[in-house]
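Supplied in structure tokens, the structure appears directly below.
In order of appearance the chains are A, B, C, D, E and F, and numbering begins at 1 in each one.
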Amino acid sequence: MPPLLRLALPKGRMTEEVVKLLTASGLEVKSNGRAYRPLVSDSEIEAKFLKAQNIPRLLEIGAHDCGFTGHDWIEESGARVEEILDTGLDPVTLVAAAPERLVEGLERLGRPILVASEFERLTRRYMESRRQPYLFLRTFGATEVYPPEDADLILDLVATGMTLRENRLTVVAEILASSTRFVAARAALDDPWKAVKIEALRTVVQAVLEARRRVLIEMNVVADRLLSVVALLPAMKAPTIQELHGGGYAVKAAVPRAGLAATVLLLRKAGATDLLASALEKVFP
Amino acid sequence: MPPLLRLALPKGRMTEEVVKLLTASGLEVKSNGRAYRPLVSDSEIEAKFLKAQNIPRLLEIGAHDCGFTGHDWIEESGARVEEILDTGLDPVTLVAAAPERLVEGLERLGRPILVASEFERLTRRYMESRRQPYLFLRTFGATEVYPPEDADLILDLVATGMTLRENRLTVVAEILASSTRFVAARAALDDPWKAVKIEALRTVVQAVLEARRRVLIEMNVVADRLLSVVALLPAMKAPTIQELHGGGYAVKAAVPRAGLAATVLLLRKAGATDLLASALEKVFP
Amino acid sequence: MPPLLRLALPKGRMTEEVVKLLTASGLEVKSNGRAYRPLVSDSEIEAKFLKAQNIPRLLEIGAHDCGFTGHDWIEESGARVEEILDTGLDPVTLVAAAPERLVEGLERLGRPILVASEFERLTRRYMESRRQPYLFLRTFGATEVYPPEDADLILDLVATGMTLRENRLTVVAEILASSTRFVAARAALDDPWKAVKIEALRTVVQAVLEARRRVLIEMNVVADRLLSVVALLPAMKAPTIQELHGGGYAVKAAVPRAGLAATVLLLRKAGATDLLASALEKVFP
Amino acid sequence: MPPLLRLALPKGRMTEEVVKLLTASGLEVKSNGRAYRPLVSDSEIEAKFLKAQNIPRLLEIGAHDCGFTGHDWIEESGARVEEILDTGLDPVTLVAAAPERLVEGLERLGRPILVASEFERLTRRYMESRRQPYLFLRTFGATEVYPPEDADLILDLVATGMTLRENRLTVVAEILASSTRFVAARAALDDPWKAVKIEALRTVVQAVLEARRRVLIEMNVVADRLLSVVALLPAMKAPTIQELHGGGYAVKAAVPRAGLAATVLLLRKAGATDLLASALEKVFP
Amino acid sequence: MPPLLRLALPKGRMTEEVVKLLTASGLEVKSNGRAYRPLVSDSEIEAKFLKAQNIPRLLEIGAHDCGFTGHDWIEESGARVEEILDTGLDPVTLVAAAPERLVEGLERLGRPILVASEFERLTRRYMESRRQPYLFLRTFGATEVYPPEDADLILDLVATGMTLRENRLTVVAEILASSTRFVAARAALDDPWKAVKIEALRTVVQAVLEARRRVLIEMNVVADRLLSVVALLPAMKAPTIQELHGGGYAVKAAVPRAGLAATVLLLRKAGATDLLASALEKVFP
Amino acid sequence: MPPLLRLALPKGRMTEEVVKLLTASGLEVKSNGRAYRPLVSDSEIEAKFLKAQNIPRLLEIGAHDCGFTGHDWIEESGARVEEILDTGLDPVTLVAAAPERLVEGLERLGRPILVASEFERLTRRYMESRRQPYLFLRTFGATEVYPPEDADLILDLVATGMTLRENRLTVVAEILASSTRFVAARAALDDPWKAVKIEALRTVVQAVLEARRRVLIEMNVVADRLLSVVALLPAMKAPTIQELHGGGYAVKAAVPRAGLAATVLLLRKAGATDLLASALEKVFP
């Protein structure tokens, strides 16, 4: 039997972005009627969808070789695994939050605080730092609806803050910033074949993430404006400059998407003409 | 402020049947854009949708007065609450199951058994009775997809057994039979106003459940066949018999739905004519 | 060509309840791929779905003979048509509402109030009673999202008040209570064939509405408890009392659904046994 | 192994009505994730969903014992099976239709007519009766879109005629009236256990169909109006008449739904009071 | 508080194309559970979804700074706002249409024409030009279903003409050609910060629209075919020509998508080889 | 009337990929409420959706000029048409399969084999090669559910094999490999205008398919590593090499997607820097 890389994919909130990222990286992930065991386009890789919560632990015990999951669940699990790439996708913050009108009085309840969360370990660590008696209630999604009758305080993930606001909850403390991470089991990194396979996947995934942040711009410049145009191009990489048949230069550079409009307006003012922008698929730094 | 009965409704698998049951009992439960706090038609009742898992505990600590949840979660939680009616709805069995080809060898794995379940307490109780070293993995739904790589044994709920079969799992032990229960907090039963309110709800809910099992049949019988017709009617309640203007009798009884066709064929043979069957809405025993 | 009754049905919020009501009344209304001209089961009736807004006016000019629409749109249109039945369905109130923090200062804006509504006529009538300069903005649904930047005040329909609360709006005045009405064109009521047809439809629709409010209860009573049982039955109609073969009485009455549980508990205490409740389909008063 | 009745259910247009009919008859049919093998509530019956087209043939060769399918497919297949009940559900007519502007010229095309249909056998039989050369094209649904380029004439099922009209097709001939039939295999009728089982099912199904056509009305009448009231009740069954405690009569009859409003108006005029109408579930004639 | 550009986005038919256009322009618009106030990726811009009908007026009174809406509603409103870019998206024509069989007789009805439309101002302007008495009926969508009983003539938007044809309506006059426009409030254009912000957005949006019409083709040419190849390239921009290492030239040009296949076939015939076509993201002219 | 190319598009499994392919080729296909006659962006082409089964035959008799359909249905129909491009899309294999436990005993059934398939002609051809008596049952989709009671053997299309496995069927023989083909009617290829039009469509479609298999990579190389870098580039086409202003070379090549990660790693090791990968839209070989 040929060697296999066992890849754990998160089921839920993170699924869509991870599948898009892998597809862009050349690894197609297709459901085939069996939701949990998708078909993947690389016959040396076997993927399985699992709850993000369980992935750190299952990597630690060697049930899978690598996977994607949130930094939050890695911390919650306490599992010893290697985070080898922060994709920056699905950024969230774990916060402690309480009903607006209770925030002031939390320390004077006169009874143990009722704290609800999906994160037991992180909650206990936080509550111990507060040095206040508490009762812990494990939730299973939708933690924001527990207050006020079913919880005095919650530890919950926040993306835009809209859900907290709609439930009239106020942030009391920020506990942990999280996003989707590419994670490997230590045993897998010790296996030469798997380590190479994981590194190849990491390289392509990173190239895709880098390409999303950039756009390729091409322009023509007459000779005496070349220096002032090139001076405007972001410094990270030398732009590619070629002489044109008939005089002048073609200049090409992968510039950051952020601020593109401003960059273009400056380049035109400096003498660049025929400006074209194209999407990049992968950028290998 | 008038007194309020705080009713906890289960979010998930049990929701549909419980809402139908309450609606039939005269308590309409309508979502109003806010999934978790439905409008109910009785202004003395305030309902909230919560995970079935959390309901027993939240009743015990007094956050709600009564509710519907599964017997399984009551047992798992260990919460001291009163089951005041078994609705018989959504019947399931908690079983221990293992991959077909592993069943024989579970005791000779040569390493701790990896057991996955949503039910930690019930799993630990069961595993201790097996007297075998094990590692527990808490799951969050879809436990049946953990084996074989992510679990050797699971404790999972089974309704028809189809899901187990599709995942090639075999039942190793039946742990607990469960169904949806109407449950009350002890504190609520000690409050006279709440106790009466809960009992009224229990009475109507039970009358609806009873009505579902029965059908009202009416028929005409000439005088000399009355005895043989009445003899065929199930014994639990005396049928209602009235003389008809012009002779003969009208006989009416609420008979069980099960076996209705057979009952009707026998009644016709015994001399009943003009047989009509109608649905009942509530039967107060 | 045989005579036809042209029935206008409201497209939108009121559709579902009106179609259910007509179906229960024996007039099936089935879409057939053409959303606006449904098939109806009575070949003497031709139905068309129209915006509730347009129905009063189209009845007035004789384009249709009768229909269902809201009292709000009848008032808004000022059309001279006859409301012949208040179904009580889809009850709403037209209110004036303003952003919470603006309510106090509405009269000291120092500029004309910007008022947004789907109801131009009713808004102008209300604003003139306020004697304050205003600018009117006609909306087309979702009026509640106009404040604060696009309106200072709105006139909008309110069912549960939840939408206002979520948009942090406060009711400033209640303008009009509305519900779905069965309406007829005056010309149609002057045509004998149409008048009879409309009256027949009104009778059955009313019988269905009445049946929804009641439930048929049947019980057995021994002779000496008959009076005390009958005394408990709501007074509007004499209950039907029949002697049973073998002694005792069967008592039957159509009682209001509201308070059914309490009624049943009293009846049992008074001596009624074998209580059955069944749904009614139509009650002709 | 206990004996089993193998029931074939039609997949497609007829499914919904057949499942509703069986459920009303006390045989619940529930999908369980496996679309083609539903769970049924009678353990002596095994159901399978199959294309209506294949059911007649599969009954003939003994793969199933009984089933529901259209009369059209029974005729098309030429299979020797017994139609034991016409449910009247999903009534359709098989018609021959041609494009409006071609109808006149069909016989002067100067080339073979191109005829498209799902029904090969019935089409060939019809075309031979026309004595015109033709080319047959078997279609697989949506036959109405073949003309004009892909067919000159089609044989297709028509329910309301709307689809033909939208495709500007005109009916040239009506070939066959069809509806959903309860059908049995001859071999099954020769097996005593299966024959009894099939007959029981047929009896209950027929009782449900009969109950849908009727409504139970109850009314009170004073003694001297009894005759004129009873005279108005449809003649098929004697109404049930009982003396009331305190004088007068209670009259009850299962009358046809069609014309109910008119019947009620006449009964009231004749002296009936307290008229109630209730739905029936089954009527055993 | 930092300055904010208040952007009004059309809710409805135009939404999808406008959101796609903005996303391609680097301004992500994401719903966040609150349908009317989407999150946008530029913290200096605040967006709100509003009915296209209301946008011109709300820009005029200064409730928003710029937005997207149809030319039709700008004309209907009579609002004084600046159309600064015609995106060409969602092209429609406002037409007057009447039932096929009524077209001839519209002027001889012998009574006022009943005209229905969502566009009151444009309808009145048109009807006055016809110099015929009329009655105006404001519609709220689905105007095409009003004729024949509820309107003799309609003024409605037409995209493909299919809806008119299906309702057997004939175009009587074309009133106005419309498409989605980028519009600014005059007050905003007078504010220097806002004017710059709006111009930057206009520039990028226009670059995206231009890029959609073009494709970047690259090819190799041997020296003596260079002139004939270049002669075939559309004249608007000089192509970029570079010498290849080892002889020959690389030629690159952004050519129109329309007619691409024909262009390519000619280029190959003229001596171009290794032809590649790539999508462009933005073209700054 | 200008000439028209009549294009038949397959309705069903193949639809999505074919429409995407045509859109990418510059021929937009838009539904417009009429599912069967989409709007296409080339006014010289008229498209119609038809069942893939019927397309070969309808091309043969001249009802359409060209189209897309599966190789399987071309073979099944026996129609004389020209396959002018194998798109490779939707690859499937027609196999003969039997229930796992019946495979061995198929030749010893003691009665004719019951064979079910949508493909009558291919089934008969195969069964005759087996020289065994059989009964043929034409199916209409979902053939895999016929065994075991309704078929002993099926001929069915297989994509991943998952469906067979779930129904516990084993492949007995592979009959035909199929995929979506671009097909032309012979008569159309004999018409000069149509032949040119078809060839142009084939060229662009093929260029899109080729572009999907490749990715454009660009990199910079210093002079003395040029040869070793170029040597690594797949041989099919010479890469485009240009001198950079300031020394070194820019190298560009359209390399296969398959194995991209490995290629990139080797190129970097050989001295390539600033590697960018971009998608191609069309590659004209």
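We adopt the following convention: contacts are C-beta pairs under 8 Å (C-beta built on N, C-alpha and C of every residue); 3 or more make two chains touch, one makes a residue touch a chain.
Please read these numbers as outputs of a predicted model, since none were measured by experiment.
Copies chain A and chain D of the same sequence differ in orientation by 180 degrees, per CA superposition (steps of 5). With chains reduced to the mean position of their C-alpha atoms, the one farthest from chain E is B. Each chain gets one centre point, the mean of its Cα atoms, and the points for chain D and chain F are 43 Å apart. Here the spacing of chain B and chain C, counted between their Cα centres, is 36 Å. Work out the mean CA point of chain D and of chain E, and you get 51 Å between them.
Multi-chain contact residues of chain E (touching two or more other chains): 166, 242-243, 278-279.
If each chain is drawn as a node and touching chains are joined, the picture fits none of the line, ring, star or complete shapes. Of all possible chain pairings, those that touch are A-B, A-E, A-F, B-C, B-D, C-D, C-E, D-F, E-F.
Those residues of chain B that touch chain A in the shared complex are 6, 11, 36-37, 48, 50-51, 53-54, 57-58, 61, 63-64, 114, 135, 137-142, 145, 149-150. Those residues of chain D that touch chain C in the complex are listed here as 160, 162-163, 166, 215, 218, 220, 242-246, 250, 257, 260-262, 264-265, 268, 274-279.
Of all residues in chain F, only 26, 32-34, 39, 200-201, 203-204, 207, 211, 216, 237-238, 240-243, 249, 254, 278-284 touch chain E in the complex they form.
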